[in-house]
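Several structures are given next for inspection.
Below, chain A partners chain B and then partners chain C, in two separate complexes.
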Partner chain A sequence: MKRRKAGPSGVVEAPLDVRTQALAKEEERPSVKDGRLRTYEPGDNAARFLDLLGRRVSRSLAVSLTACVHCGLCAESCHYFLARPDDPTMTPVWKADQIRKIFKRHVDWTGRIAPWWVKAGTVRNDEDLNRLKNIVFGTCSACRRCTYNCPMGVDTGLLVRFTRGLLTELGIVPEGVFNVSRDQWETGNQMAVTEQDYLETLEWMRDEVRTELGTNAVDIPVDKKGCDVLYTINPREIKFDPRSIAHAAKIFHVAGESWTLPKWGWDQTNFGLFSGDDKLGAYVARNVYEAAERLRVKRIVISECGHGYRSTRWEGYTWAGYDQKLPTESVVVTLKRYLETGRIAVEPSRNAVAVTFHDSCNIARSGDLVEEPRDVLRRVCADFREMFPNRRENFCCTGGGGLLSMAEYRPLRLEVAKIKADQLRATGAMLVCTMCHNCIDGLADVIKHYRLPMRVVQVMELVSNALVVPAESVK
Partner chain B sequence: MSEFLKILENEVQIAALVFLALVYAGRLVWLFRFKNRKDRTFAAGSGGAGAGYSLMNIAMPGAMESTRKRPGFYAQFVIFHAGVAAAIAGTFIIPYAPGVFEVKGIVLLFQAVIAAAFVVGLLRLVRRLTDPVLREVSSPDDYFSLVLLIVWFAAGALAVPNRPEKGEWPLILYFGLTAFFLAYVPFSKICHYLYYPFTRFYLGRSLGHRGALPPSPGKRATAGTAKERA
Partner chain C sequence: MPHIEIEGLRIEVNEEGFLVHPDEWTEETARLLAKAEENLDELTAEHWAVVNFIRGYYLEKNLAPMVRKMCQATGFPLMKIYDLFPSGPAKGACKVAGLPKPDGCV
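Showing the complex of A and B:
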């Protein structure tokens, strides 16, 4: 592969750091020991990569690998290229071509017959694979904005995830990806929250809501069988922002919802989506689906999380080979239903400041929800305003694709976040609302870096603020 | 008409078409050997409607930001491909329905469309040579295919009057290039039209199943007015 620096940050040349992998091997961590999580072994990785490539390509990937006509129309849909218009290596077409040329050389007949004619190429060694790692992990958030802008329908986001999956199988991944994958394999959640931490935090939040509402009738049930709703959350809620659980408890209480959290299988996030590891994806998703079966609930509700929603609602069933049996929805859809059916009442004047909405890529472009959060926000906010472009054309928060866990790519991520910062600034809003925990951190980084006079909130927080608590709810 | 031109317009074209069809069939067999994943989720929309919308994307310049913001580029696309269609049609009309090109208006129409495509082809070549992004990703096949089409358009514009008595070389060039094309296309980027229905179908079906395509009127992205953006 051609050696090229991706500008001043030199992202493409970032070295492969395997210190935590070595430590995990030394400590004989269970996920490493039993082979669920692959670690890097110097050797014939190029051959293994090519073997995996040949075996794993699906039909939809194969057509995306063959159909590109190099028209370049995808370039201006990518925030990386918009922020670095002089760098062709920031375009989706160039990034996708790095895997496409290998596919052409080894799988597709044109590249086998005359490789130079179609610019087919190969990977010769671990250095080449590391470079590929930096491209697919470090210069793309897999937001799929380019997918929606390709006249041919080439799914570059899917190609990037596929390539990440091959590299993950070889342990050629950023340290952060290895660490989070290890935690999710070993603890069932990606932040290694212990069961004790989990249960104590839930109790703490239950007590907070009891104090706020002045009633002991509020509960945060765990492993209660036969409820209508199984509520699944993001470990970030336990670890960094438990208020969102309190908001949910308060709203569910007022709505008279029959709900529970599971003791196991509560993490709806799924690092398999980011690492491209379908096995991890299947394991984590199956935990949730099996918890729902075990507790005989009627519906799975996913707290506000972009990639968690995409993984649990859409991709997880396919990864796990598990036919969907229960309705699976975002809590924002649940909130919308409460508002529409009058199960909760709100007073929008309690959210008086200007609020704008950021569409999460995984929900808007790879999922089905764009109007639902808007419906809710229009009911609970006095001054809701759109950012432009929006919905499926919105720009990534720049922290998507797992990039928040990859510190080595942070300078480039913040540089290209200029596009997002401009978009946010133009709204004049004081609050940017998003229904994704990843976007919260991504946007918070952008806001801090570009010194924007706003903060990030979630839909649940605004609904909770505006919630009218009837007298019978506090008895 | 010379015997050589007669064979070139008939037997050679048929042989080249058969070759094209055989290679395409092989290509499709190759494609279908890749496994397709089954979607196991409840639908939020219609996979069929999504696939239909996605396939019709070609006729909806407003559907994508990339073409909506570049109407000129979309116009070039339409002209270029109209030229391709006209030039292909010419290769059938001349040997099998020569009477059509006895109508001067039709000949002029074909020449105008093909000549416009020729100009667009040149513009595309300039773009590919001067745009750093395109230069970086372009392969020899990308350039060769485009140059080949430009030359073919030129030959087509000269050949459609179908006057072998005034000189056979435009017809020989046109049909010779067509035969070469038919044999070369399956190995080049030009066969993207074979893949287009598949990429569009799979993407549209997947996103349609999720309810993301087609976008309902309320779900269309808004770029905002200048005032709003300000």
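Showing the complex of A and C:
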């Protein structure tokens, strides 16, 4: 089987595909009709882009736009450059410079006085904007490893997201990003799952766990008021992989947790993080926060999802301008508490094979959740081993930043995944555990492409495997 | 264009191995996709039960069915779908049934 190999310019020249945008307009889809989601209109987009740029630059962005001294340290931290060391366009600094030069030319005073000196530049037309789109969406997984390693504190991840946001406002986005944003705006969840399908799948999983444990005491409550925990999930769990919901139900049952899922506001994922659209980010996050308030819960718990965790736990409150009143945590933190306080007991020998842990970018580097998953894994696995580098220095699964939903950039993504494949292979583990749905698919792609003898699992699956079900739980 | 070439037949697929022209799907295509993408040497009656259901659902609703619907229609438990299609319902079963790649975190 032959796959196209991306040349240095292959990705950068990817055309703008507006077929689904045109269809959405033709069908008068609500999000497009009322202007929440912008579609591409040929015309003077360069001028509109420059106008938006001038109005949107914040203080923190200005720092990242001006503080770079071009030392080149970021190059060594980027898996794109490490896999293509002869291609300078793969360095984070080059990618950031594509927006930086426009800022210098049109906003910063240095570029107006001495444009040649500060290498100022501009965008002239839609072709330039499309090229910019391919750079910020297609050659960066927004993993922020370069940000973490920058001695000047330049947040290239922030610059990339900012640029994505400006382009999103002009409809100059990859088709996959448009489609998912459309569904999330219109249905409140990124996979357009209907309420009926949602409820049916939950009932189905409840029945599966009842059969497994042999007791009808197991429940998956929906919209129950006054619980301790509001559990929010990734639509992927409903649509294609509900095993994780069954694991959660089983563990919550044994732990005696008072929990519920909301009927609305259950999607903790957020494509606003990937597209750079703060309004979408605010809308989706607010749905979750309002569900928690409506149901008067004591805590919001987020299922294993990297960008969902970052969006709901950290960024969402800012996007939505929402006063955080409740603790918001990853389910892995909840599991850690159960294990430490003895609410659940585990038998690690049931997970006998070697397990390594992949830190999700949005959870470790951008979410500061580093030791908690390790504390859990050390208790539930007999052979836990680190991969190197790890923790905040781990490499991206290569599917981050929404790249999984952008098929056009996949050849380059898999080419640079060589770094990840080498890192995985060196562990000698048979299972790679991650607490992110995006990483599951990203890593599964790497494993398949590089023919690695391993499988991806989530923390919840390993805990569920090792869980000792006491007799009183199945009465 | 990326493509699969197997047993003298050429099928155009996108970068993720999904059919470029979902309407050009035939049973022969399914067999070749299963071989190339899922490493399945043959499709059993159980595989076909899943594939035919997905195909019919897609033609009717222009949408990939949820895994719940796949299990309801075929009577298989959830784990059976993963046994049949190692890449799972979305990247395995839907791909073999000739659907375009589902949107979102998959």
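Note that the second predicted complex is superposed on the first by the 467 of 475 C-alpha atoms of A that agree within 3 Å, B and C clash if a C-alpha of one lies under 4 Å from a C-alpha of the other, contacts with A are read in each partner's own complex, and residues count from 1 in each chain.
Heads up, the rule we're going with is that contacts are C-beta pairs under 8 Å (C-beta built on N, C-alpha and C of every residue); 3 or more make two chains touch, one makes a residue touch a chain.
These numbers were taken from a predicted model, which means no experiment stands behind them.
Peer 1: Contacts for A:V370 in the overlay, against chain B (first) and chain C (second): which applies, first, second, both or neither?
Peer 2: first
Peer 1: Should A:S258 be classified as contacting the first partner (chain B), the second (chain C), both, or neither?
Peer 2: Neither chain B nor chain C is touched by A:S258.
Peer 1: Looking at A:L404 after the superposition, I want to know if it touches chain B, chain C, both of them or none. Which is it: first, second, both, neither?
Peer 2: In the superposition, A:L404 contacts chain C only.
Peer 1: Check the residue A:P151 against both partner chains and state whether it touches chain B (first), chain C (second), both, or neither.
Peer 2: Only chain B is touched by A:P151; chain C is not.
Peer 1: Applying the document's definition of touch, where does A:D241 land relative to chain B and chain C: first, second, both, or neither?
Peer 2: second
Peer 1: Does chain C touch more residues of chain A than chain B does, or is it the other way round?
Peer 2: B
Peer 1: Please indicate which partner A:T318 is in contact with in the superposed arrangement: first for chain B, second for chain C, both, or neither.
Peer 2: Once the two structures are laid over each other on A, A:T318 reaches chain B alone.
Peer 1: Taking the superposition as given, does A:E393 touch the first partner, chain B, the second, chain C, both, or neither?
Peer 2: first
Peer 1: Touching chain B in the complex: which residues of chain A?
Peer 2: Going through chain A, the ones touching chain B are 57-64, 66-70, 72-77, 81, 86, 88-89, 91, 93-94, 97, 109-110, 113, 116-119, 147-155, 313-314, 317-318, 321-324, 327-328, 364-368, 370-371, 386, 388-394, 426.
Peer 1: With touch defined as at the start, can you tell me which chain C residues reach chain A in the complex?
Peer 2: 1-6, 14-16, 18, 36, 64, 66-68, 71, 77-79, 87-91, 101-106
Peer 1: Which chain A residues qualify as touching chain C in the complex?
Peer 2: 1-4, 176, 179-180, 183, 190-191, 193, 197, 200-201, 204, 208, 234-236, 238-243, 269, 305, 404-405, 407-411, 437-438, 441, 444, 448
Peer 1: Help me check something: in the complex, which residues belonging to chain B touch chain A?
Peer 2: 30-32, 34-42, 44-45, 54, 57-58, 64-67, 69-70, 73, 77, 131-142, 187-189, 192, 195-196, 198-200, 202-204, 206, 210-212, 215, 218-224, 228-230
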